[in-house]
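In the two assemblies presented below, chain A is common to both, partnered first by chain B and then by chain C.
Now for the complex of A and B:
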């Protein structure tokens, strides 16, 4: 039983990162009905920026802040420069364009920082905490991840429920035409949605960097995990994304513990396939996933 | 004469016109292949292989409007089925036919059909992003699947193939390019080790380590376990579209986009000694390995092109387009939208699997590194650049995917750019072009040319 608990708890930290990335995917989906397949590319790129800041100043907090700013700017740029001009009639165009952005970001990162995997320092210890007379699979760093994620989620919730901007964003997501008629600057709201998503993704990128080596395409698999979590959660639901993000991490922890880590991506694929087969609209979603 | 009669007559005439056209095309390309330097035959083989897969992508992405990142993974299905079924072909006759590459190609196509049907049923009826995400997961997960079942699939090392050389002979080496002269077959056989998976260690066996490991959140160390002889990926680039960089230098695996491909095996003892044996003395068909590979790839591509053209110009093509443009209207005239979308997925999977089987024979290797996400992305890039709703666009896309890296690396070499930059210029160009084409010219090269031509002649644009 205690091994089960260890494996499951060990997945919480990584799961929180998956949850944040899933959250970023959901934010872009809600604002523009586009799944941003470049999301992890953006997170990778901003994490490289964070690493540069970290090496320059030695401050992890500054690095995180820099990544957040860079992530927001990058998200806004991608939305305004790439996605906004895509022709409405071209239904596949947006998906293809996000892959174009992914390729550009990965090759740029490889040009600037090289392809060798780089390690990212942790601000606090990444060793398991000893409580009672046993070592738990939760480290101070995991607690930091959880805390940061919690702050982000609470801030986003407050933004969406307690502020005028949040209301305007929700109105835009619900029905852009009606929102525009009510005086909401829809274009700005879409850009803001992508900027927020970029910021959340950037935080996830920095948080995961110490446990995954950082290289131009080392985050690819994270996109699959995050996409799975977002889809199982309903692709429309912030709560669903966070909940199933953490759950995905726990499942990965269990699968890795009882089998080995090569099973983890396979398990996630099975989860995604089963979900698309049995309940394609997800658990917290309201939209219709199956169109024909 | 009834309408149905007339229609069947027209479709008959289509077959009658198309078949000789493709036979002529095949003969021309075969003639060209024999006349070419083996290096160019190698490029011809790659172009034909990519074209086969991209014809399927045109049907899927262009005609049926489904963006799939999984066709690289479906090529892996074809490649692995080919490798696994062909490992002992020389002994087993199958239904009276000697067990050779042909049977394995058939099995590869069947494998692609089955896997494509499963993925299509899961994803094709969903909204676009769901299918793209599912197939992306499969494309990224291919290395993981190969690693998960190392006994069956050879793990990250993959399998080396002995290609069915003409006349059933064996020449398992990735043959030589024009620079290193001729290799000694026996020495190479010994050096490469014909048995799959026995190539641990040694510079010749730098099998690419799939990059999927690095993203693995939980325990990075476990994966590496036994495979410590395998070098870490010293990825100098994003490795999105070309394999070159993943393989870090001395690779036994021929790389799809680098000219001196097989000669990189030069680290193998005996590879360069005694330029004696002529290119193909053993086989007696007058073809060197590259030319044989190209003849295979060209034949498969011509068959695929013939099938694709007849499907696209026919009833099925109309159904695909109808469902893409308006599923409700299509349903009203009696077309089942779900089944139609799934059928597009299955057709493109079969094409991808055939291309994968050809790719395996071009590389004489199957492994997760060869069929990574980069392959899927390059298929997408090629089809979009060439023209996503045109079969000719697929061929142009294939030429671009094979040719552009050569041109760019040549330019970069002339300018003296550092490797780190030069290696990534093609990928950067692909990414930028992909975005630009979607924004400015969604029809790609062929679509834009058609539009221009139609405007010049004052006709409405064909869709």
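Now for the complex of A and C:
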């Protein structure tokens, strides 16, 4: 029982990162009905920027802030420069375009920073905390991840439920025509959705960097986990993305613990397949099933 | 006054509106009636900026509205209630109304919202419920309320009677007629249900294949039997 608990708790920190990436996917989905496969590429790229800031200033907080700004700008860029022109033709074209963006970002990162894995420092200890007479699989760094994610989720919730911009963004997501007729500048809201997603993804990138090592391709597998969490959560639901993101982490912790880490992606894909088979609209989603 | 002149709209090679000219005076309800495919909805969607016309113009109190984007046309004082009780079902009643006046100042918005709750008491009782829990009639009132939140000079209504019980339709159209007179609004009402529309409207225009075939006082048109047979099918 105690091993079970250790494996499960050990998955909470990584799960929170998956949750943030899933949240980013949901934000782009809600604003433009496009799954952004470049999301992890953007997160990887902004984490390299964060590493550069970290090495220059020695401040982890500045590095995180820099990544957030870069993430928002990059998200906006991708939406305005790549998706807006492509979107005019069709949606599947836009989704394929996000793959193109992923490849461009990875190549660009390899050209600028090289392909070798780089280590990213943690601002606080990453060793398990000792409480009572045992060491728990939760480190101060895991708590920092949880705290940062909680602040971000609360801030987003307040933005969406308490502000006019948030209302305009939700209306745009649910019914763009009524939003336009109400005077909402829909184009701006779409750009803002992508910028927010980029920002959230950038935070996830920096948080996961110490445990994943940073290279142009090292975040690829995270897309599988985040995509699964977002889909199982219903793609439209911020709460669903966060909940199933953390759950995915816990499942990964258990599978890796009892078997080994190479089984983890398979376990997650089984989860995704089971979800699409049993409850294709997702657990927090509303309305009709999606056509996949 | 909304003045439409020589408006032509093409969907590919199909002409939806053909050199259409008409006036929508303030303080009145002007009904546009005609069979399916006569161009009624196209007319409203063009005026609201959702459809680009091939040629022609439309001015609201002298200001050109054709060529602007929908989000700017609302700011010029023209508000459309699209077909199908178009609210945002996932938002609450309160949020739907706020949405309609988001571009206005906060103070302006709250006073308008209170005024609308006075006008639609049933919405006030349900202000924290999601719009998709409302009945058809209530949702239509909410859709009209959302359009009124922007404080329009001109209100366009696309088939507000669709799928509603006759008694509710009468209530809603009476309310619209009252609003036109009281607030000096130019109201353009598009209806397939000609009987209902002619009862609520002051003047009426009959459309057929994108052209005006007849216009005049609503009561006059209602009395023209041969016209009813030819274009309205009853």
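Things to note:
The criterion applied here is as follows: the second predicted complex is superposed on the first by the 283 of 292 C-alpha atoms of A that agree within 3 Å, B and C clash if a C-alpha of one lies under 4 Å from a C-alpha of the other, contacts with A are read in each partner's own complex, and residues count from 1 in each chain.
One rule holds for everything that comes next: a contact is a pair of C-beta atoms (placed from the backbone, for glycine too) under 8 Å apart; a residue touches a chain by one contact, two chains touch by 3 or more.
All figures in this text were calculated on a predicted structure; none of them were measured in a lab.
The partner that reaches more residues of chain A, of the two candidates chain B and chain C, is B.
By the touch criterion defined above, A:177 lies against chain C but remains apart from chain B after alignment on the C-alpha atoms of chain A. Within the superposed three-chain model, A:168 lies in touch with chain C and out of touch with chain B [touch as defined at top].
Contact with neither chain B nor chain C is seen for A:202 once the two complexes are overlaid on the shared chain. By the document's definition of touching, of the two partners only chain B reaches A:228; chain C does not. In the superposed pair of complexes, A:100 makes contact with chain B only, with no contact to chain C.
Touch criterion met: A:185 reaches chain C, while chain B stays clear of it. Within the superposed three-chain model, A:21 lies out of touch with both chain B and chain C [touch as defined at top]. Of the two partner chains placed around the shared chain by superposition, chain B is the only one that A:252 touches, whereas chain C remains out of contact. Taken in their complex, chain C has these residues touching chain A: 48, 50, 69-71, 74-75, 79-80, 82, 86-91, 95, 98-100, 102-103, 146-147, 149-150. Residue ranges of chain A in contact with chain C, taken from their complex: 164, 167-168, 170-171, 174-175, 177-186, 286.
Listed in rising order, the residues of chain A touching chain B in the complex are 10-11, 14, 17-18, 29, 34-35, 37, 82, 85-87, 90-93, 95-97, 99-111, 114-117, 208, 211-213, 215-225, 227-228, 231, 235, 249, 252-253, 256, 260-266, 268-269, 272-273, 276-277, 280, 289-292.
Here chain B touches chain A in the complex through residues 61, 65-67, 69, 121-123, 125-130, 132-134, 136-138, 140-141, 144-145, 147-148, 211-212, 214-220, 222-223, 225, 232-241, 245, 323, 327, 331, 337-338, 341, 373, 377, 380-381, 384, 388, 420-421, 423-425, 427-428, 430-435, 438-439, 442, going by the rule given at the top.
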